[in-house]
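Structure first, commentary second.
Going by the order they are written in, the chains are A, B and C; count residues from 1 in each one.
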Amino acid sequence: MTLAEARVIIEGLIFAAEKPLSAKEIGEIMELDPSTVDALVEEIRKKHADGALTIRLVAGGYQMVTKPELAPWIEQLGRPVVHAPLSTAATETLAIIAYEQPITRAEIEQIRGVRSDSALSNLLERGLICEVGRKEGPGRPILYGVTEKFLEHFGLAGLDELPLKSIGQ
Amino acid sequence: MTLAEARVIIEGLIFAAEKPLSAKEIGEIMELDPSTVDALVEEIRKKHADGALTIRLVAGGYQMVTKPELAPWIEQLGRPVVHAPLSTAATETLAIIAYEQPITRAEIEQIRGVRSDSALSNLLERGLICEVGRKEGPGRPILYGVTEKFLEHFGLAGLDELPLKSIGQ
Amino acid sequence: MGYVVKLEVYQGPFDLLLDLIAKNEVDIWDIPIAVITEQYLEYLYSLQEKDLAIAGEFLVMASTLIRLKSRLLLPQQPAQGEEEQEEEDPRRELVEQLLRYKFFKETAQFLEECYRAASRYYTKGQSLEVYNLKPIYARPVGDLTLDDLREVYGHLRAEQEKEAPVHEIFSRMPIQERIALVRLRLVGTPRLSFRALLKDCTPSEIVGTFLAILELVRLGEIRVVQSGLFGEISIQSYLWEVEVNS
């Protein structure tokens, strides 16, 4: 396989995948080094410079998407909104879970100062958070964590793209 | 809108549409003549000549797909590589079959003291065991044995290379 | 001349307090509790006037603020002669909670911006239908080694030598739990039909329930009555009779 052939295969894989594909996953399929995959993805991006598509890194994987400037046109297709916007309550709850996970409902409510059960069940239903275990102690409350879908929803490559938490700011 | 801009928009629309888009539908969104759309789609195809994607006409509409020669690679995506470790139940069952084969489900359950059907079907699915015959007697139950894949994984030339049973160690 | 009270939607008492602090342009580490408390209560009254329900959390905060205010009004007794002790600022805990919340509130705003940017990227609209094959297992046994297999097998055989195999039929629902369930169902009921007890049960739960009933009979908690051959089996609680008669 030449590098040019590898580039074409990677483009096809990223296009066809139903979820963001990590360099490692692509590397395993193609028996390539993840860093080679990264370099080839960069080349594919360049080849699409004057086209409609690009590849973004989201939830730790590559995903083929239309360029943002085409959004007004794509909207005309009337696609149902896959990721409807979240309520402020739900977004706040997510922000807390993203930083403090694994975390219980009671701990979230302690931080927000208000009950958060409906925000939580909304987030669970949308697959943005999941149960990650039980906390030791009375009642063994459920612990929550964020999912890859969370990253995808906000177009984040990983949790390290979140703002730094400066303690006692 | 220049022709180059129109070409990019058409590419984005075809990529993002939930169904094949006809030249007429594209023309309506963009206020273009369907024949202009057809010509521009042809240009997009050419731009993708050395890439993974192409546009095909299906059910009267344009659809973006990977080129057919990539099919063997794309198929790998539908087969997620699973490194799932075996459950304790499956490990126990596998150990019994390796040493006692050919053996029936009832005999395995006798040794383990618990039902083992889901462990068995898991091992069958992973290709680690297979049916090797039927036991004479009531109900003619299926006999199970380990497969070549099993030997291959453990680097065994044959079953006689299995470590000696040291019972009650 | 009327004026419009702008009713803002606050996520909670912390949110409201932060807004009041921002509007008053005061230092968060030196909150004028009297002023802020007054404005906080005013806001709650304005909600009341509009017949809007006030969430309990807002009321709890109101009482916290009032308590803080009165503590601050009490004259501090300076420790005489001794080296000046740093008095704990009673506002400190509240400020820390507010700052903690503020960080996440701002992160939520950051996330909303991320969402706005991300939602302008569209993924492909159609999934290619053909790739729905079964998973393959690149390493079908995970990290299992040959020695593991031998060990597992050795243990199993050793176990078997020790005792005759016992079938664990009720791994999902131990009989103790079944007993508890039957007891629960009998609370405040003179009798219960066996059939009702088995409704929606899996086969192993049915067996478990049956064993639970036998156990309860043995314990003298219930008696079981059947009107005739194949008739409805009725489970009657002695405990209930005791309750009623006492």
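One rule holds for everything that comes next: contacts are C-beta pairs under 8 Å (C-beta built on N, C-alpha and C of every residue); 3 or more make two chains touch, one makes a residue touch a chain.
Note that the structure is predicted; figures quoted are calculated from it, not measured.
Undergrad: Using C-alpha centres only, name the chain that sits farthest from subunit C.
TA: The chain farthest from subunit C, judged by C-alpha centres, is B.
Undergrad: Of the chains shown, whose Cα mean is nearest the mean of all protein Cα atoms?
TA: If one averages C-alpha positions chain by chain, the most central is A.
Undergrad: Round to the nearest whole Å and give the separation of the Cα centres of subunit B and subunit C.
TA: Each chain reduced to its C-alpha mean, subunit B and subunit C end up 38 Å apart.
Undergrad: Compute the distance, rounded to whole Å, between the mean C-alpha positions of subunit A and subunit B.
TA: Distance between chain centres: 23 Å.
Undergrad: What are the residue numbers in subunit A that touch two or more other chains?
TA: 15-16, 18, 28, 64, 66-67, 70, 74, 77, 79 - these are the residues of subunit A that touch more than one other chain.
Undergrad: Which residues belonging to subunit C are in contact with no fewer than two other chains?
TA: Where subunit C meets two or more other chains at a single residue, that happens at 122-125, 128, 131, 138.
Undergrad: Considering only the defined contacts, which subunit B positions touch subunit A in the complex?
TA: Per the touch definition, subunit B meets subunit A at residues 4, 8-13, 15-18, 29-30, 44, 47, 50-53, 64, 66-67, 70, 73-74, 76-77, 81.
Undergrad: Report the residues of subunit A in contact with subunit C in the complex, numbered from low to high.
TA: Against subunit C, subunit A makes touches at 15-16, 18, 28, 56, 58, 63-68, 70-71, 74, 77, 79, 81, 83, 85-86, 88-89, 91-92, 94-96, 98-99, 111-115, 153-156, 162-163, 165, 168-169.
Undergrad: What part of subunit C is in contact with subunit A in the complex they form?
TA: 11-15, 55, 57, 61, 97, 99-101, 103-108, 110-112, 114-115, 117-125, 127-128, 131, 138
Undergrad: Contact residues on subunit C for subunit B in the complex?
TA: Counting only subunit C, the residues touching subunit B are 122-126, 128, 130-154, 156-161, 165-168, 171.
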